[in-house]
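Multiple structures follow.
Each of the next two complexes has chain A plus one more chain, namely chain B in the first and chain C in the second.
Take a look at the complex of A and B:
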C-alpha cells in the first residue's frame, strides 16, 4: 500500500507558506481544544478516542473512483456528527499526526497544511451543512442519513479546494496548464470521492444512531422537537 | 429518554473490534491506485512504471521523500516484513491502537470532570 493518501507531501508547497499554515493550524487547534473541553465528559472522551481510531481505519480503505484513481474517507463529517465540531477537528488532527509520525504519510513540514484542509476546513464545512440540514430535514434516520451524505460530500470538495487555495498561495511549481485545470480536476475527483465518503458516513452514523442514539452528538437535544414527525431514532435500544 | 452517562464497555469494545478488522483485514483489499490528490498532482507530468516523474510540469514535481520514510511502519508496512498482506494488516492494527491511545488519552486528560459524588 502506497502512502500519500489525500495527504500533501513535503516540498509541494513552499516552506514559508507551509510554516504559516502550521502556525494557523496550531492556533485553531488550541481554540478547538478550549471549546471541545466543554463538551468532553466521561462519555464523550472515550467516544472521541474511538471515532479517531475508526477514522484512522477508514482512511486506509482506498476505494476506486475512476480507472486508476482512488480515494478514501477523510472523516470530518463523520466525526462532526458523532462528537461535535470542535472535538471532531481534534479527532481528525490526531489521525493526521499519527499518520505523519508513525506511517510517513503526509509530510512533516506539510502537517499544518493537511490539518488545515482536512481537520479544520473539512470539518467546518461539514458542520455548517449539518446545522442547516438537521434544521430543515425531518428528524428521522432517513433525514440523518441524507444530512450525513450531503455534509460528507461538500466537506471533501471544500477540503480539496482548500488545498488548491494553499497551492495558489505557495505552490512550488509554476504550472504550464495553469491552476484552473487543477482546480477542476481536484473538485471533480473529490466530488466522486465525496460520494463514497457520504455512503460510509451515512451507514456508520445511522448504525450508531440505531444502537446508541445518545452517542450521536448531532441528535442531542433533538427529542422534544419530534412530536409532529415520527422519530425512529428514538426507537433504538437504550440502556 | 434516560441519558446514559457512560459510553459502555460493549459499545467501546465493539467499535474497536470493527476498526481493527477494517484496518487489519479489509485494508488489504483497498485500491492501490493513486488517490485524488496524487492524481491531480501528477497531471501534466509523465510518470514511469515506478511512479517517478520523468518529464512535464505538475504539482508533485518538487515533492520530497518523507523525512521518516525509513521508519518502522512507513507507508503502512512493517520494516523487514515482506508479506504485504501481513504487513499492511499489522500496520493497520498498530495504527488503530496508537490512534485510540493518543486520541482517547488526550481527550480523557482534558475532559471536564464531574463534581465528586455525582
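Take a look at the complex of A and C:
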C-alpha cells in the first residue's frame, strides 16, 4: 500500500523536466522557510525538527489493512492540520531530503519531483480542503474528523496525479493507455490508499484535539489561514 | 514496526580514502555523477557499462564489498516496479518474446529506468556508506544549504531514535493489553497512539527550545562547530574526477546517439 507513485527513482522522468521541478521545489521551500520563520521565529529549528521526526517516525509505523497487507502514512495532510501548511511542507521536504541522502530512498536527481509531489502539492491540496471544509462544517470534533479524512485522501490522490502530470511531460515512453485512462486508474488506486491515510489522520487529529486543541493549527483562531505564532507552552507534559 | 529506515544501518565504518574525503566534496560529486547518468540517452548501452565500472572503482577505493552493496540495493525494487511494467503498458511497435507481446519502446524505457535508478542508488549507497549522518549535514551546510533546513534536519535525526523508541514502547503497551488489529477498521488504537506520539513530540520540542533559550540560543548554531575538515583543493579535484569521467562519457553518448 505504499503509494505507487511515491519516491520516484532516478531515470523515470527526463533530466530537463526533473531539473525544472527541482528549481520549482527550491523556490517554494524558500518561501516556506520565510513563512515558517515568521510563525515560529527562533523556535523553528527545534519545533519543526521534532515535527519532522514525528512525520518520519509515523511513516515508519505500519498499520494493518487486511491480514498480511499493511500500509504506512505519507503524513503531509496530518502535518498540515497540526502545524499549518508552511511548516508542514518544510517538515515533509526535510524528511524527503534525509530519506534520499541518508537512507537512499528515492533518486537524488528526482528529489525535486518527490518534494514537489509529496511535500508541496500534497500539502497545498490538503490545506485548501482544510480551509474550505472548516468554514463549511460545524466546529466540532466530528467536523474536524471529516475535514481530516477528506483532506488527507484528496492530498494522496492529488500527489499521485502530480506524478501523472510529470510523467506525461517528461516520461520518455508513450503509454498505450490515454491520459484520461491513466489518470482514472491512478486516481482510483490512490483513492483506496487515501482511505487508509484519511482514517488514520482523522483519528490522530481528533486525539490531539481532545487533549490539546491549542496544538491543532487548523482549529486556531477565527481565520484558519492566519499564521500567528502559537503561545509557547512552558509547563507540563502528558508523559 | 517494520520499515527499512534504521538510523545508522547504511553507514559502514572504515578509514578508506573515501571515508576521509570531506563530505561536501562527496555530496557534490554524487549529485553530479547522478545527473550525468540520468542525462545519458538510453540507447547508449556502452555508457552505462562505463558508469558501472566507475561505481566499481569507487567501491574498491572505499573498500566496500559488492555483496554489501547488492544487499542494500535491493531496497530499490518497489521503486522500479514501473520499469518492469513498461514493456506491457507502452505504445508503439511490439515484439513477441516467450509468448508475451512486449513493446519495443517500453522495453527500452524499462531498461532506461532500471539502469539509471540502479546506478543512482549505488552512487547514493557509496556516499552514505562512507559518510556519517552528522557529516552529511555538515556537507549540506557547507554547500550553502539554508541553515534553518540543516538545523531542522539535525534536530530530526537527533530525536528520530527517541520518537521511534517511544512509539515502540506504546505499541508493546497496546499489544500487552490485548490489541491485535488485523483490518483497517481496527486502527483506532494505532491512530490514537500516533496522536499521543505527536503530543509528546511537540511538547518535547517546546522543552528543548526552552532549554536552548536558557543556554543562549538565538536561532543560529554557534560558529566553529564544524570548522575542521573542510575540503582542500586536492580533495575537491579527487572527488571531481569521478563525475568528470562520467560527464565525458555522457557527452560522448549524446554526441554519438
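Assume the second predicted complex is superposed on the first by the 190 of 239 C-alpha atoms of A that agree within 3 Å, B and C clash if a C-alpha of one lies under 4 Å from a C-alpha of the other, contacts with A are read in each partner's own complex, and residues count from 1 in each chain.
Basically, a residue touches a chain if its C-beta (ideal position, glycine included) is under 8 Å from a C-beta of that chain, and two chains touch if they have at least 3 such contacts.
Because the structure is a prediction, the values reported are computed rather than measured.
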Practice item. Based on the superposed arrangement, let me know which partner A:9 touches: chain B (first), chain C (second), both, or neither? Key: both
Exercise for review: With the two complexes superposed on chain A, say which partner A:45 touches: chain B (first), chain C (second), both, or neither.
Suggested key: both
Check your understanding: Which holds for A:176: it touches chain B only (first), chain C only (second), both, or neither?
Key -> both
Check your understanding: Should A:90 be classified as contacting the first partner (chain B), the second (chain C), both, or neither?
Key -> both
Practice item. Once the structures are superposed on A, label A:128 by its partner contacts, choosing first (chain B), second (chain C), both or neither. Key: neither
Review point. Taking the superposition as given, does A:57 touch the first partner, chain B, the second, chain C, both, or neither?
Key: both
Review point. So, A:33: does it touch chain B (first), chain C (second), both, or neither?
Key: both
Review point. With the two structures laid over each other on chain A, which partner does A:102 touch: chain B (first), chain C (second), both, or neither?
Key: both
**Study point:** First, second, both or neither for A:163, with chain B first and chain C second
**Key:** first
Check your understanding: What part of chain A is shared between its chain B contacts and its chain C contacts?
Key -> 2, 4, 7-12, 33, 36-37, 41-54, 56-58, 60-66, 70, 72, 90-91, 94-95, 97-105, 107-108, 171-177, 211-212, 215, 234, 238-239
Check your understanding: Which of the residues in chain A end up touching chain C in this complex?
Key -> 2, 4, 7-12, 15, 18, 29-30, 33, 36-37, 41-54, 56-67, 70, 72-73, 82, 90-91, 93-95, 97-109, 171-177, 195-196, 199-208, 211-212, 215, 232-234, 237-239
Check your understanding: So in the complex, which bits of chain C are touching chain A?
Key -> 1-5, 10, 27, 30-31, 34-35, 37-39, 42, 72, 75-76, 78-82, 86, 89-92, 103, 105-106, 108-109, 112-113, 115-117, 119-121, 123-125, 127-128, 133, 136, 140, 146, 148-149, 151-160, 162-164, 167, 171, 181-188, 190-192, 194-210, 212-213, 217-219
Practice item. Would you pull the chain B residues touching chain A in the complex into a rising list? Key: 1-8, 11-12, 15-16, 18-20, 22-23, 26-27, 30-41, 43-44, 51, 56-69, 71-77, 84, 88, 91-92, 94-108, 110-112, 114
Review point. Of all residues in chain A, which touch chain B in the complex?
Key: 1-12, 33, 36-58, 60-66, 68-72, 87, 90-91, 94-95, 97-105, 107-108, 160, 163, 167, 171-177, 181-182, 185-186, 189-190, 192-193, 211-215, 223, 234, 238-239
